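These are the structures in question, set out in turn.
Both complexes below contain chain A, partnered by chain B and then by chain C.
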Partner chain A sequence: MRWNGGEYNGEEEEMTVKIRFFARFRELLGTDIMTDVAAGTMCTSLVATLAKKNPEGYAAIFDENGAFRDFVILMKNGKRIDIADAAKTLVTDGDEIAVFPPVAGG
Partner chain B sequence: MFSERECERYKRQILLFGDEGQERLKNAHIFIAGAGGLGSPVSLYLAVAGVGTITIVDMDRVDQTNLNRQILHFDRDIGRKKTASAKEKLQAINPDIMIYAIDVKIDEMNAADLIGEADGIVDAMDNYPARYLLNEVAIAKEIPLFHGGIRGFYGQATTIIPGTTPCLKCIFPKPPPKEVFPVIGVTPGIIGVVQANEVIKFLLGRGELLAGRLLIWDGMQAHAEEICVERNPACDACGGMVENTTARKKK
Partner chain C sequence: MISIQTDDVDIGALIIAAKKYGTGAVVVFDGIVRDDDITEMELEAYEDVATQELVKIAKDATEQFGLLHVDIIHRIGRHAVGENILIIVVAAGHRKEAYAGSRFIIEAIKAGVPIWKKELTKDGERWVPGEHGHGNPKAG
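Showing the complex of A and B:
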């Protein structure tokens, strides 16, 4: 196994993960998206790849430096992931990633 | 003790939880922060349930743009203080309870005094800085905070029991950006009623609260789901609190 900048360079091993967007993110990007990812994919790159399908959706979730906006809440299989750790959090086959914004109105 | 009128008024719910449960509601004092989209259904349902003392706080006047969702206020109330409008409606819907309507902006200087000896705080605010303030007071007084938030067809709710569940800052450490949020009245209707239901269960000491669970409502899909939320040991609001081993602070 060889790593290079967080990307896996060995044999391609397809895995399927599910991404769930909530609230405004859902309006912009849809939800319950099943996607195949290569082994070694990190949480941030997975979400970014999907979010890029709609520039407005991407901009809602990521800042100009490609980092998660600070209010974004990320969950992997029902457990909170600190957004600061998302770039080094691996996704594995069968994972469910949830991405949502708190809603503020009252 | 209940008057004959109260016995009749609450007859159908006394079937559910008895005189003892109704007594608990009557002896309770609930603080509702906001008389807007969430505050309207929360206060109306707590009033008709017979929560004995309700304090509701708001600083705004009724605006025409409020009327698609803030069902405490009527067209004829445009320009009136929301507190005056709220007190009139709540007292009219149940004359057997005490309503205190306070026209003030909740800030860090007055929040603890305003909340006083209340048994719980309902978060019916529309911004996170105010919510964080309510969260701090709830932690300091060790009383529950019934959180709700909405946007468009989406809503969220959870019940915060300081020392037991994550606090609002554990769950939402950073606020989303400020905006003029789109909203349809049914969404705060649904979430506000969930909050009122939580208050009633807490006061009765019955059922399972949304404790450690964030309910997420998608009105477009007519789908509710919940996610488990956990305390953040490094939380700057509640991180120092010792775990409260009693499941729920009973009255």
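Showing the complex of A and C:
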């Protein structure tokens, strides 16, 4: 799936990143979404833009104030990001952002 | 062997392979699809990351408990009641280290490895809630 996030302003370098949703979030929003983003895009806005494709998916991940629900787990290139830091975490070309609910393996 | 895979494994063969020189105890943990009024269980993983984390957990357990051998096989896909989900085989010189190493590994997997389970019932399906649900790694 390829989708344009709509944030590219034509003046800055365009980048491609991959978003992976898992478990219930995957069922609501899909996964392995390749999307073009503008330089300067932050992790929170990227996830929010994609999640808004499905109101139920958005509501599963974000609260009524637009903040990540406290159980949501984020990873950038396989490393955890504190959800409190996601609004100031830049995404860069080739990044893989993963969004998922609490794990339940074992 | 550290693996996330659909297929089951031959636990007997793993035990034989685990008996390295100096082994005095092998502990096997076999996590199974329990009959909680479900028909099947579906497992999903963030495979690349989950595999890396299993490798790290095995390394940490080996160092901490002086283990001689570790296998972790976590299955994904759809499986019926009674089927194996997770097999951990740990070999050590003595039982104390083998039991402790095995326990360390299963608890670490439950705490943070990105794997999810969905229970399928006659009436529908439900995701199994995690035991460590929070999005703030600093919160511990």
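We adopt the following convention: the second predicted complex is superposed on the first by the 92 of 106 C-alpha atoms of A that agree within 3 Å, B and C clash if a C-alpha of one lies under 4 Å from a C-alpha of the other, contacts with A are read in each partner's own complex, and residues count from 1 in each chain.
Rule of thumb we're sticking to: a residue touches a chain if its C-beta (ideal position, glycine included) is under 8 Å from a C-beta of that chain, and two chains touch if they have at least 3 such contacts.
These numbers come from a predicted model, not from an experiment.
With the C-alpha superposition on chain A as described, chain C and chain B clash in the combined arrangement. When both complexes are overlaid on chain A, the residue A:104 reaches chain B and chain C alike. More residues of chain A lie in touch with C than with the remaining chain of the pair chain B and chain C.
Within the superposed three-chain model, A:88 lies out of touch with both chain B and chain C [touch as defined at top]. Residue contacts after overlaying the shared chain place A:53 against neither chain B nor chain C. Looking at the shared chain after the overlay, A:74 reaches chain C, while chain B stays out of its contact range.
Of the two partner chains placed around the shared chain by superposition, chain B and chain C are both touched by A:24. Of 60-68, 78-86 or 132-140, the segment of chain B running into chain C after the two structures are fitted on chain A is 60-68. Common to the chain B-facing and chain C-facing surfaces of chain A are residues 22-24, 26, 70-71, 73, 75, 78, 80, 98, 100-106.
Taken together, the chain A residues at the contact with chain C in this complex read 20, 22-24, 26, 68-75, 78, 80, 82-84, 98, 100-106. Interface of chain A with chain B (complex): residues 22-24, 26-27, 70-71, 73, 75, 78-80, 98, 100-106. Note for the complex: chain B touches chain A at residues 34, 36-39, 123-128, 148-152, 154-156, 171-179, 181, 183, 188, 216, 218, 227-230.
Residues 31, 43-46, 48-50, 52, 74, 85-86, 106, 109-110, 112-118, 127-138 of chain C touch chain A in their complex.
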